[in-house]
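Should a chain be cited, it is by its letter among A, B, C, D and E, assigned in written order, with residues numbered from 1 in that chain.
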Amino acid sequence: MITTVCLNSASKRFDSCPAADISDLRVDEQNIVWADVADPTSRDFEDLAEEFGFHPLSIEDCRNEHQRPKVEEYEGYYFIVLYEASLAGPTDALELRELNIFLGPNYLVTVHSRPIRAVETANRLWREWSDRAEHGAGLLAYLLIDSVVDDYLPLLDVLSERMDDLEDQIFGDFKPEAIQEIFRVKKQLLFLRRTVTPLRDVFNTLLRREQPVFRRETHVYFQDVYDHLIRVADTIDTLRDMLSSTMDAYLSVSGNRMNMIMKRLTSVSTILMSVTLIAGIYGMNFDFMPELKWEFGYVFALLSMVGVGVGLYAYLKKVNWL
Amino acid sequence: MITTVCLNSASKRFDSCPAADISDLRVDEQNIVWADVADPTSRDFEDLAEEFGFHPLSIEDCRNEHQRPKVEEYEGYYFIVLYEASLAGPTDALELRELNIFLGPNYLVTVHSRPIRAVETANRLWREWSDRAEHGAGLLAYLLIDSVVDDYLPLLDVLSERMDDLEDQIFGDFKPEAIQEIFRVKKQLLFLRRTVTPLRDVFNTLLRREQPVFRRETHVYFQDVYDHLIRVADTIDTLRDMLSSTMDAYLSVSGNRMNMIMKRLTSVSTILMSVTLIAGIYGMNFDFMPELKWEFGYVFALLSMVGVGVGLYAYLKKVNWL
Amino acid sequence: MITTVCLNSASKRFDSCPAADISDLRVDEQNIVWADVADPTSRDFEDLAEEFGFHPLSIEDCRNEHQRPKVEEYEGYYFIVLYEASLAGPTDALELRELNIFLGPNYLVTVHSRPIRAVETANRLWREWSDRAEHGAGLLAYLLIDSVVDDYLPLLDVLSERMDDLEDQIFGDFKPEAIQEIFRVKKQLLFLRRTVTPLRDVFNTLLRREQPVFRRETHVYFQDVYDHLIRVADTIDTLRDMLSSTMDAYLSVSGNRMNMIMKRLTSVSTILMSVTLIAGIYGMNFDFMPELKWEFGYVFALLSMVGVGVGLYAYLKKVNWL
Amino acid sequence: MITTVCLNSASKRFDSCPAADISDLRVDEQNIVWADVADPTSRDFEDLAEEFGFHPLSIEDCRNEHQRPKVEEYEGYYFIVLYEASLAGPTDALELRELNIFLGPNYLVTVHSRPIRAVETANRLWREWSDRAEHGAGLLAYLLIDSVVDDYLPLLDVLSERMDDLEDQIFGDFKPEAIQEIFRVKKQLLFLRRTVTPLRDVFNTLLRREQPVFRRETHVYFQDVYDHLIRVADTIDTLRDMLSSTMDAYLSVSGNRMNMIMKRLTSVSTILMSVTLIAGIYGMNFDFMPELKWEFGYVFALLSMVGVGVGLYAYLKKVNWL
Amino acid sequence: MITTVCLNSASKRFDSCPAADISDLRVDEQNIVWADVADPTSRDFEDLAEEFGFHPLSIEDCRNEHQRPKVEEYEGYYFIVLYEASLAGPTDALELRELNIFLGPNYLVTVHSRPIRAVETANRLWREWSDRAEHGAGLLAYLLIDSVVDDYLPLLDVLSERMDDLEDQIFGDFKPEAIQEIFRVKKQLLFLRRTVTPLRDVFNTLLRREQPVFRRETHVYFQDVYDHLIRVADTIDTLRDMLSSTMDAYLSVSGNRMNMIMKRLTSVSTILMSVTLIAGIYGMNFDFMPELKWEFGYVFALLSMVGVGVGLYAYLKKVNWL
């Protein structure tokens, strides 16, 4: 389904128009045309290729999902692939939704097979920022990309909170299952990083060379997106570093618990074996064992068992082995 | 065995022709000649050297297999070495098949000692794409290299699935043997990476400088191959990162299991030693042990043993040591 | 709250003046105006934007705290974000306080929501260095940034001392809790590094290109700041390396202690079991066991128990298992 | 000992000549002079310095062995240091033999204190390749360096085979001593890498800039050496990566064995303690223990011991603890 | 204390002269003046600043010790900070002594608060090399820096020998305390690296750009220093790599020993428990136990105990568990 909006940057008027009129509208350089293609059919792709003259390779990239995030320069337009991320479902699994952008001199085409929140946001903000219409299609691209990038930050906050929880699970009441959660967060960070870093690198080179499509004044906006991308990438790296420390802490605490368990085993064995030894001694069948004849021999034996047991217990408690 | 196909880019006609005619065909710049040399003999190499004037060093590289993937510039042609990869045999071992490409202005020579799937694919696609014949031999090279590179992706999917299996083997019902599989996948990723990254780096430099052999319009196709190579390399790196996390998880879960085993050992020892202690006590030979005279002393002793055993068991179960 | 100070670089006179006069003062290029905005209100931001014509994006960055440290070039001014760090509270938690600096040709605007020590220091030094007033607003920026950066060093000394303590806790009387402290220092270094390295990288590029705002003579001062930043960053990296060695040492010593514990367990078990065996032997009910009839059989048995126990103890002590 | 060979590139004639004639021969640019100095005396160095005018610093580098591999540009000649490697002695220790090369426009001086295999090889090949004499001294240098570099590959094959052995020792019948072999191979790879990578880096820069000494046509040969160096360096890195995986595998398998041992300990303890408990019970001295009076009480007790023992054994075998 | 030496590069005459004459001597470009300031007072710094016109920032760096090694370019001179290293005291602790060098066109000023060995060495060599006086102050700087750098090598040899000792302590008769020595060497390498790498990096950039102060012919000497710096840095990195392998080996051997200990524990427990079981059986009180009546029952029991014990011992010895 293709939704088309056209902004006349002179009159500042927004018009939604049928897809068929795009050709006419594009002729007037004052017009900025945004065609949003949701859940595209094979037919839609052919229309796009014909109407805007997109290179077969970029159309193909659009069709085959699971591209890496990138910004490619074709004759007369930029082809941008990026991913909107969110945590979804009962297990907070990371969901990545692909968004393809064709950015031309006075038009922008967005293609996506799943609903993209950033499209709504950019639509709303575009209307609010109509006073900056002179920045052209570049501004609209900025609004879109910035919405996508800004959505990464709350997501990283969620992951950061989870890592605080993990810390509690390790240093507080140790939970061996924490390893599974560590592993899950690690994978999510890995996938997020893969989504963000190529984009950051591409923006880096993009902003350093001559820009025929982005106007001079629009440049500062893309600088801003780049800055946010660096921030997101830095935060991901910091979280990864912290997670690896968390992993180390997990292993150490797990090792300490093992030491504790072994100490307990040694202690319990020592106490029980010592007490049993006394019972063993009075179980010997010597003819001449004076204690056996004593009236309170039995009580004496039991008391000495208790005495040895309590004594060892107290000693081991004192040296922190129990 | 040399198979020769010639495409006249004006008439769009494909002709297969005897190897002997290559010289004549090459003279006409409209002709694009593809000579595929399968399982080359020493004689074939001499013919190639003579016919195309290839430098002795590149011929030698062709002869000695096990070169690293590379793109080398010689006077008048490019010499490209790359590897087709697949998982073969009952153990899904990684198999790498070398493909040497000589790319000249209007000819392409492929040399390989084992059958290469990409040669078939490129052959088929070349005929389908005959309308783009004006791109010359470069397009043909693109089709070949792209087929090779695209074949890496399903292979990575297989490895990715294996890693999901590994995860199940670790977090589900722990299998110590998983380490061997982790090790195998690690080695396969290592070899794959060694096959892909040099190629990616070479394409990177290739695309950034002046290209006398690739025509301007063909450039975008090689950009596409480069993009795929980055995607493959990125995926390999991600899988490597995930595998190292899997390894960490393996070690942690293995350590947790050790903790569990030690706890069990401690628990079982404690219970059995405690119960044995009671038996030891009533095995003492004191003359005055009132319980020994009781009619139900024996039953009492057995019951207290059971009581101590069950009590300890319940306690240890509760604190999660059993 | 806006505090404004103006230095006339010709007369070397300092005047504090109402915020409303800034426009007039800025006209005279001899004047250097410093407006310090503490705990800014929404109104203050609007005033700043209007008075100095700051770009909306930089104002927005100012409003939303938690930017990454950076130096951005806008038309006519630089926008600098950096963080003052200190250890605060009973647990010596790392506290980062954001400082935003707008550096124009002859003015400097500082914005911060929490009190910044460096503002005091720079204020004091500016008056002392009034003889170098010809360096303009750049010198003032240098004083501010240098104060912030120099404050990192004592903080790193504190962390370094803590690591010496950790070393004692590991190699001296091993404390398993040390892991928690290691983890805390690791996180603090991580956050510090994130505060310092982006700034260092930005200064690196800043100093290597043409500087229209920093005058030639001021350049050497920023070189000095850069040098300090490298030193701080190097020290952080060294501390990180040392902390990771400390972590390794912790794990090794922890493992050695485990070995020691296991040796003790083995030793204690061996001694007690051996002694109990003797008791078990003389607890057998054979009709013909000559020792049982001996008058000193019991004493003999006890003595042999002591003998075996002491002998094993001495042996195990000798081979360092106890 | 100085051995001198001279090739006249016009007449393609090889002459061995006394060291004293070098000056005369060098005057004719057609002549290519190779002076090989084996086991040089202090006098030889002085002669070289005087005859060829080598810079004191390069002579000094020649004298003091244990330089790092390098290519240095001096006025009128290149000074090259590289190492021939082989595995020698009963323990296959890595042996590095230094080779110093002075490469001038039409002469080549090699200095080495131990016999170098590559000198023999280059000598032989130079005579075979006399038809390419127009490449001058550069070709001779190529032959020498290429012989040295090519000798690394079989050596790496040996190390690779050793690593396969190690794998068998880990996954087959685990041998704890494998760690020592892992350590040895690691050290050898480390030293090899140190021998190869500086050379690779130097060739990289060498080939990218203007080459007054290497003629245009010779360039492609050095490109070939560089390619081999990359291959060797890549292989070393791959082996290092694999060795670190091997190390991980070693640790994991070692840990798994520990788990197995602990399980056995628990199992054996459980069985023996349970059986002993039965003996303990019937060792109690109660007056009323009906079993004691039974005629087959003893047999019954023994049978129940066997029953408990076998039952536990079967159970533990089933759950894979024994 | 300021010591001044002056070399007239025409007459090759060395003169020591009072500090007050420096101004006069410097005027003649033929003179090369070296002022060595040992243990400088506040007054000395002021004199230097006045006499040579050093920038306040470089004087300040000189005053505050603990700078990082660096080479800074000021107007008319270079400011160089480097560290002389040695192992001192009974524990062979690493000692770093700071040396500040001001290198001008025809003068060199060295400032250090502790005695520097390289100052002696350079002084001696300068006189020996007076025939190369035309290289000016640069040669003197070379002699100084080279002496400092060359002193790193024997120090690294000491560390390398210590690491061989460590290897013996790990693979020979394992000493758990080795970890502390590993940790110490690691820290020393860390500090050494921090002393060498910044210098190497600075020389790298220094040698690649235009050098107004170093004359063309002097350049080759600094190239030589740079080469030595790379060698030192490479050696440090190699030692670090080897140390980390040593650490891995330590952990592995420590783990193997744990396995051995656990096996022994299991073995000893098994033997003692089995023997005790026999005693337990004959301690049962059944009325009908034929063995108890046998005349040699006791001996039989003892023999069977010995038999079981020896049999198990032999078996466990055979399977390498004891």
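By definition in this document, a contact is a pair of C-beta atoms (placed from the backbone, for glycine too) under 8 Å apart; a residue touches a chain by one contact, two chains touch by 3 or more.
Just so it is clear, the model here is predicted, and its values are computed rather than measured.
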| item | value |
| --- | --- |
| Neighbouring chains shared between chain A and chain D, ordered by label | B |
| Least step count from chain A to chain E, where 1 means the two chains touch | 2 |
| Numbering shared by both copies at the chain B-chain A contact, with half separating same from different | different |
| Distance between the centres, which are taken as Cα means, of chain C and chain A, whole angstrom | 25 |
| Where chain B and chain C are represented by their mean Cα positions, the distance between them in whole Å | 41 |
| Multi-partner residues of chain D (at least 2 other chains) | 251, 255, 258, 262, 265, 269, 273, 276, 280, 283-285, 289 |
| Running round the ring (origin chain A, first step to chain B), the chains in order | A, B, D, E, C |
| Of all residues in chain C, those that touch chain E in their complex | 167, 171, 220-221, 223-224, 227, 230-231, 234, 238, 241-242, 245-246, 248-249, 251-253, 255-256, 258-259, 262-263, 265-266, 269-270, 273-274, 276-277, 280-281, 283-289 |
| Parts of chain C lying in touch with chain A, wherever the complex brings them together | 55, 57, 67-68, 70, 72, 74, 176, 179-180, 183, 186-187, 190-191, 194, 198, 247, 250-251, 254-255, 257-258, 261-262, 264-265, 268-269, 272-273, 275-276, 279-280, 282-285, 289, 291-298, 301-302, 305 |
